[in-house]
Amino acid sequence: MNLFKTTVIAAAILGFSSLSYAEDKPLKVGLMLPATGTFAALGTAIENGFKLYTKEQGDKLGGRAIEFVKVDDESDPAKATDNVNKLIKGENVDILVGTVHSGVAMAMAKAAKESGTILIVPNAGAQAVTGPMCSPNIFRSSFSNWQPGYAMGEVVAQKGHKKVVTITWKYAAGDESVQGFKDGFSKSGGEVIKELNLPFPNVEFQALLTEIASLKPDAVYTFFAGGGAVKFVKDYKAAGLKDSIPLYGAGFLTDGTLEAQGGDGEGLLTTLHYADQLDNAKDKAFRTAYNEAYKLPPDVYAVQGYDAAQILKVGLDAVQGDVSKKAEFAAAVEAAKFDSPRGEFTLSKAHNPVQDIYLREAKGKENPVISVATKALADPAKGCAAN
Amino acid sequence: MDLSIFLIQCLNALQYGLLLFLVAMGLTLIFGIMGVINLAHGSFYMIGAYMAYALSPIVAHAFGGGFFSVLVIGLILAVILGYFLEWAFFSFLYDRDHLQQVLMTYGLILVFEELRSLLVGDDVHGVAAPEFLAGTIPLGDIMTYPVYRLFISAVCLLLALGMYYVFTRTRLGMMIRAGSTNREMVQSLGIDIKLLYRIVFAAGVALAAFAGMISAPVSTVYPGMGSQVLIICFVVVVIGGIGSIRGAFLAALLIGFVDTFGKVLLPEAAGVLVYVLMALILLWKPDGLFKTS
Amino acid sequence: MAETLLRGSDITQRWGGLVAVNAVSIELERGSVHAVIGTNGAGKSTLINILSGEFPPTEGKIELLGQEATHWSQAKRARQGLGRSYQRNTIFPDFTVFENCRLAAQAQVQRPWVWWNNAQKCKHSVTAANHALELAGLMSVKERFAGLLSHGQKRQLEIAMCLAIQPKVLLLDEPLAGMGAEETDRMLELLASLKRDHAILLVEHDMDAVFRIADRITVMVNGSVIASDTPDQIRVNADVQTAYLGGH
Amino acid sequence: MMDKFFSGKLLFVGLLFAGLALYPLVASSYGLDLVSKIMIYAILAMSLELLVGSTGLVCFGQAAFFGIGAYIAVMLSPESESGHLLWLLPAAILAAAVYALFVGALSLRTKGVYFIMVTLAFAQMAYYVVHDTKLGGGTDGIYLYFKPTLGSILDLNHPQVLYFFTWVFLVWTFIFLAILLGSHFGRVLAGIRINEQRMRASGFSTYPYKLAAFVTSGGIAGLAGFLFAVKDGFVNPEMMSWHLSGALLIMIILGGLGHLRGAIIGAFAFVFLQEFFKSSDIFGAFAKHWQLGLGFTIIACVAVLPKGLVGLPEVLRKRLYGGRPSSDAQIVLK
C-alpha cells in the first residue's frame, strides 16, 4: 500500500486518529464478515452483493462516496466484541454491516446498540437481534430463523402430514428454526413427535437416521447449512429414507450445496425468502449483473448483501448522508418498500424483513420456486419493545 | 428400540468407530513413536480429502480417471509431503522441548488452511464414490445401507491388520518399536534413526491423507474439516494408550458405540459423553487402555 | 548392640507372577554400612525402592526409627529421616549447587502458605544446605550450575542432597557408578565419615569398594537373600561363591 | 554478570508496565480496547505459565476456568442494575478455583500427555454444559447489561477506568506470581517441574503442591474471565473452546516458557501479529489470508528462537558479537 495509508495506520495505532469526518468525507462502511473458516464463502457472496449495489449507485450513497473497511470475524464469537470495536472505535465507521454467524451478530448488535452506530445484518438469523436486542439503529436484510421454519410448518401441514420428526444441530439457529416449524405446523393440527439433535458441528448422522427409520414419521423437517447440509442430504438418501419419508427443510439445506450433494438433493422441498426462476424483472437484472461482475451465479447470501446496501441507501437518502440523524434514518427505512431480487419486502417495527417465503423444489443445481408458501410473513419479534 | 433397530445401530457404531480408527491411526503412529504432538494431523486429513476432490478431474484427464488411481497418486503425493515436512520442519526439533513441536504444528495448521483457501477456494464440495461401490443394500423394512460405508469398514480392518503385521512381524516394525522406547539404543545398533523418523512421519502423513481421501465421499469436503477431527483423534489415541495400535482400535470402537447410542438415548448429553468417557477411562487407567512399555 | 534405625521384615514384592523380592529381612544400624550386592535383576533396586517408599511391598513390614512405617508415603519417610540417592542423577541441572541442596533442605520446614517470603531467606534451609555441602566437600563449587559439574561431582551432589534433609538413614543406589578411581576414593572417604551418625544401606556393583567399606554384606539372588554376614565371612561363603562371585 | 542480567529483566518489565500505564494518554479508544484485551490475555497466559512453565503441568483446558469466571460474573449480576464488585469478583475467582480444584484433584492422577488430554476433557465438559443447555444462554451467549460497580468510586463503563482496572490486576498478577515463584511454594513447584521423584525423596508430598498450583492458576484464569466479561459485556460458549486453550499455549511458548514475562510478551506478540497480518492497509486484499503470514511467522519463530521471544536478546547478542558461549543454564530468579 502507499505510504500515506501506512502513516494513517501508524497514527491510528498510536491514537492520533480521532479526526471526525465532515459531510464531504467518504462514508465509511465497516464490513465485518467471515473471510476464513467454514463460512468464508458466504462472507464473500454477501460482500459481492453489497458492492454490486453500491457500484450500481455510482459508488455513492446519500450523496457520499463510500469507503470500505473490512474485518475478518472468523465466525468466532469470543473475538466478536474486539472485532466490532475495531470498526466502531478504531476505524470510526459510519455504518456497520455483518455478519453470518449468529453469536458474532449478537455481539455486534450489543456494540451497535451501545455506540449508536447503524448496523445492518445481512445474514445471521438470530431472533434476539430483532427481538430483545432490537434498536432504532439495527436492521436486518435477511430473515429470522423462525420465518422459513414457520412457512414450512404450514406447507407440511397442507401436504397432509400429521406426525413429523425434526432434526438439527443443537444450537440457537437450529432451535429457532425448529420452533418456527412447530408454530406453523401445530397451528394447522400437526404434531412433532420427536425433536432430534446432535452437537454442533458433528456430522455423524447415521444413528439419528436409524432413529428416524424406527419412528416412521410422515415427514422430516430439518435445518442444516453448509457442509452439514451436504452430508445430511447425502446420508439421508443413502439410508434409503428419501423415498419413504419425505424430507423438508429450511432453504439453506439446498442453497449453494446442490452441486456438492451430487444429485441426492434432487426434488427436495425447502422454504426460503429467495428462490431461483423468480418471475420478476428485478431478479433477472440482478442475476445478469452479478454474473457479469463476478463470473458466478448469485445466491441468497448475495441477495441479502445487495439488499443490505439498498436499506442503507434508503436511509441515507432520507438524511442526505448524515448518519447522526438516526430517527429520520429509521423512519425512512421503516416506511420504505424495497424492490429486492427476492420480490418486494418491507421492514417491520423491529426491523426484520416482512417478506414472502417461497416454497422451492431442488432441480439440478437450482431451487426454482413452486409457489409462495406464506405471503408477507413477519417475525413475531418477541421481546422487542418497538413491536 | 426393537432388536433390528438395535442391530442397525450397532452397525452404525461399528462403522463410525472404524472410520475414527482410520483417521486416528496416523496420529498414533507419529505421536507414539516420535513423541510429536502433531496438531497438524487434521490438516493432513483435510489435505487428503481435498486431494480426492481436486485431483480427480486432473487424473481423469491424464489417465482416464478412476477412484483408485486418484487414491494411489494422492498417497504418493502425501508420502512426498510428509517426507519433505519432516526434513524441513521437524528434523531439527527433536532435541528441543516437546512444546516447541506443538508450536510448529500449530503454525503448519494455519499455513495449510490458507493454502487450501488460496488453491481450492472456500466452497463445500461433494466427492462421488466409485461407480461399483455407489449402491446400497436393504436393511430392515425402510432403511438401506450404503455399500461404500461397508467398503470403508473393510479397508479399515485390512489396514489395522496390516499395521499390526508390520509392527509385530517385520524388521521395520521392530526398529520402529525399539525407536519409540529408546532412541539412543537404536542409534547404537547402527540404525539410522533420522531416516527411521522420516519414514514414520511420512507414513503418518500418508495415513492421515489416505483417511481423508477414502472418507471424502461420505464426509464431503469443506473448510475447517481438519480441526473437527483433530480433537476426537487425540481422544482415540489417548484412550487407547499412546502408540498402541490395538488400543486405538478398541478406543475408536468404544467411542463409536458411546457416540451412536448417546445421540439416541441421551441426546441432551451427546456432546459431552465422549469426554466423560475419556475422563473416566483415564482416571481408571491413567496410561490408557493399552500402555506400550 | 547398636541402635537399629530401619528394619524391613519379610519383604516380598510380586509383579504378577514374578517374585522380584522374596521375604527379605534387613536391618540397618547406626554407625554401620550395610551393603547389598547381587547380579542385575536380583531385586536390589526393588528392595531399595520399597524401603524408601516408592511403592508399598506386596507383603512385609517396615519400621523406621522404631515406628511402623509400612504404609507411610515416601515423602513422610523422608521427613522422618530417610534419605536416598538414585542410580541415575536426580539433581536439578538448572539450579546452582547450593540451591539444589537448599531446596532439598526446605522439605524439613515446609511452609508453602508463606508465599510472600523469598525462599532464599529461609534460615533453616540455608544452614542445612551449607552443612550438607561442607560434608560432601562441594563448598568450592557452591555457586556453579549443577548441570555444569563433572560426573563425580554430580554424584557427590546427589549424596549432598540426601544429607541436606538431615537424615538418619541413607539408602544409596550405586553411588559409585561410572566413577574413576580417584573419584571413588573420595566418595568412599565421604561414606566413611558419614557412617558415624548414620545408618547406611549401600547397593553397589564395585566389589572392591564394597569390601573396603561395608560392615555387613547381604547377597541377593533372584529376589532372595542367600547370605548375610560380615565381609570376611561372605568372602568365604560357598553359596555366594557359586551363585555370585563364581559367576563372574 | 548475573546481577546485570537480572536487573535488565526487571528494568524491561518495569518499563513495560510504565508504558502500559502511560498508554491511555495517547491511545485511541480502539487502541485502549485492544490493549485492555491483550492485558486480560496476558493475565490468563500468566496463569497458564504458572502451570506449564513453572510446574511442568501442560494444561490444555485453561479456557474453561476463564469461561467460568466470565459466566459467573454475568450470571450473578442482577438483570436490571449493577452488581457489586466486591461480591462478584471474588465469586468469579472462587467459582473458577473450585472447578479447578475438582479438575485438578482428578486429572493430577495422570501424567504427561494423558494429563493434557484429561484437562482438555474437563474443559470440553464445561464447554458443552454451557453450549447445549439454556443455563448460560446456549450457543448465542448472554449479555451483561450493567457492569459491576464499587459504590460510586469506580465506573467501569469508562474505557479508561476499565483499562486501569485491568492494568492494576495485570501488575498485581505479575508481582504476586513473581513473589510466589520465589517463595518456598514456588521453589517446590520448580523442583517438581524438573524432577518430581527427587522432590518426593526429599520429603515433599508433591500432589498437594501441584493441586495448589492448579487451583491458584484456575483462580487467576477466573479473574481474567471476570475482566473479560466486564470489558465486553457479552459471554459466549466459544470462550471455553479448546481453540482458546490452544492459543494460550501458543502464546506462552511463543513468549518463552519458564519466564513470567514471557507470558506477557507472548500475549502481546500473538495478538499484534494477528492484527498486523489482518491489516488490509498493509496487505490489501491479501489480508483475507492473514493466517498464512501468521503461520509462517510462528514457524520461523520456532526455527530461530528456541527459547521463545524471551531468548531474542540472547540470539541477537550472539549474532552481533559472534558466538560467545552463554551459560546454558536457566536463571534461578525469575
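For reference, chains read A, B, C and D in written order, and residue numbers begin at 1 within each chain.
What we mean here is this: contacts are C-beta pairs under 8 Å (C-beta built on N, C-alpha and C of every residue); 3 or more make two chains touch, one makes a residue touch a chain.
Every value quoted in this text rests on a predicted model; they were computed, and no experiment measured them.
Enquirer: Which chains are shared contacts of chain A and chain B?
Expert: Touches both chain A and chain B: D.
Enquirer: Taking every chain's C-alpha mean, which one sits closest to the mean of all protein C-alpha atoms?
Expert: Most central by this criterion: D.
Enquirer: Comparing centres built from CA atoms, which chain ends up most distant from chain C?
Expert: Between chain C and every other chain, the largest centroid distance is to A.
Enquirer: Compute the distance, rounded to whole Å, between the mean C-alpha positions of chain A and chain D.
Expert: That pair's centroid distance is 36 Å.
Enquirer: Round to the nearest whole Å and give the separation of the Cα centres of chain B and chain C.
Expert: 48
Enquirer: Centre to centre, by mean C-alpha position, how many angstrom separate chain C and chain D?
Expert: Result: the chain centres lie 42 Å from each other.
Enquirer: When the centre of a chain is set as the mean of its C-alpha atoms, what distance in Å lies between chain B and chain D?
Expert: The answer is 32 Å.
Enquirer: By residue number and range, which residues of chain B touch two or more other chains?
Expert: Each of 113-114, 117, 271 in chain B touches at least two other chains.
Enquirer: Quick check on chain A: which residues sit in contact with 2+ other chains?
Expert: Correct list: 36, 170, 199.
Enquirer: Got the chain D residues that touch at least 2 other chains?
Expert: Residue numbers touching two or more other chains: 128, 131-132, 243, 289, 291.
Enquirer: Mind listing each pair of touching chains for me?
Expert: A-B, A-D, B-D, C-D
Enquirer: Can you name the residues of chain B that touch chain D in the complex?
Expert: 31, 37, 39, 89, 92-93, 96-97, 99-100, 102-104, 106-111, 113-115, 117-118, 227, 231, 234-235, 238, 242, 268-269, 271-272, 275-276, 278-279, 282-283, 286-288
Enquirer: In their complex, what parts of chain D are in touch with chain A?
Expert: Going through chain D, the ones touching chain A are 26-31, 33-34, 37, 128, 131-132, 138-141, 143, 231-234, 236-239, 241, 243-244, 278-282, 284, 287-291.
Enquirer: Flag every residue of chain B that touches chain A in the complex, lowest number first.
Expert: Checking each residue of chain B against chain A gives 1-2, 5, 8-9, 12-13, 15-16, 113-114, 117, 121-126, 128, 136, 138-140, 142-146, 149, 218-225, 228, 259-261, 263-264, 267, 270-271.
Enquirer: Which residues of chain A touch chain B once you look at their complex with the stated criterion?
Expert: Residues of chain A touching chain B: 36-38, 40-41, 44, 170, 196-199, 201-204, 206-211, 213-214, 216, 226-227, 230-231, 234-235, 238-241, 244-245, 256-257, 259-262.
Enquirer: Which residues, counting only chain C, touch chain D once they are in their complex?
Expert: 52, 73-76, 78-79, 83-84, 86, 90-96, 99, 103-104, 106-108, 110-120, 122, 145, 147-148, 161-162, 164-165
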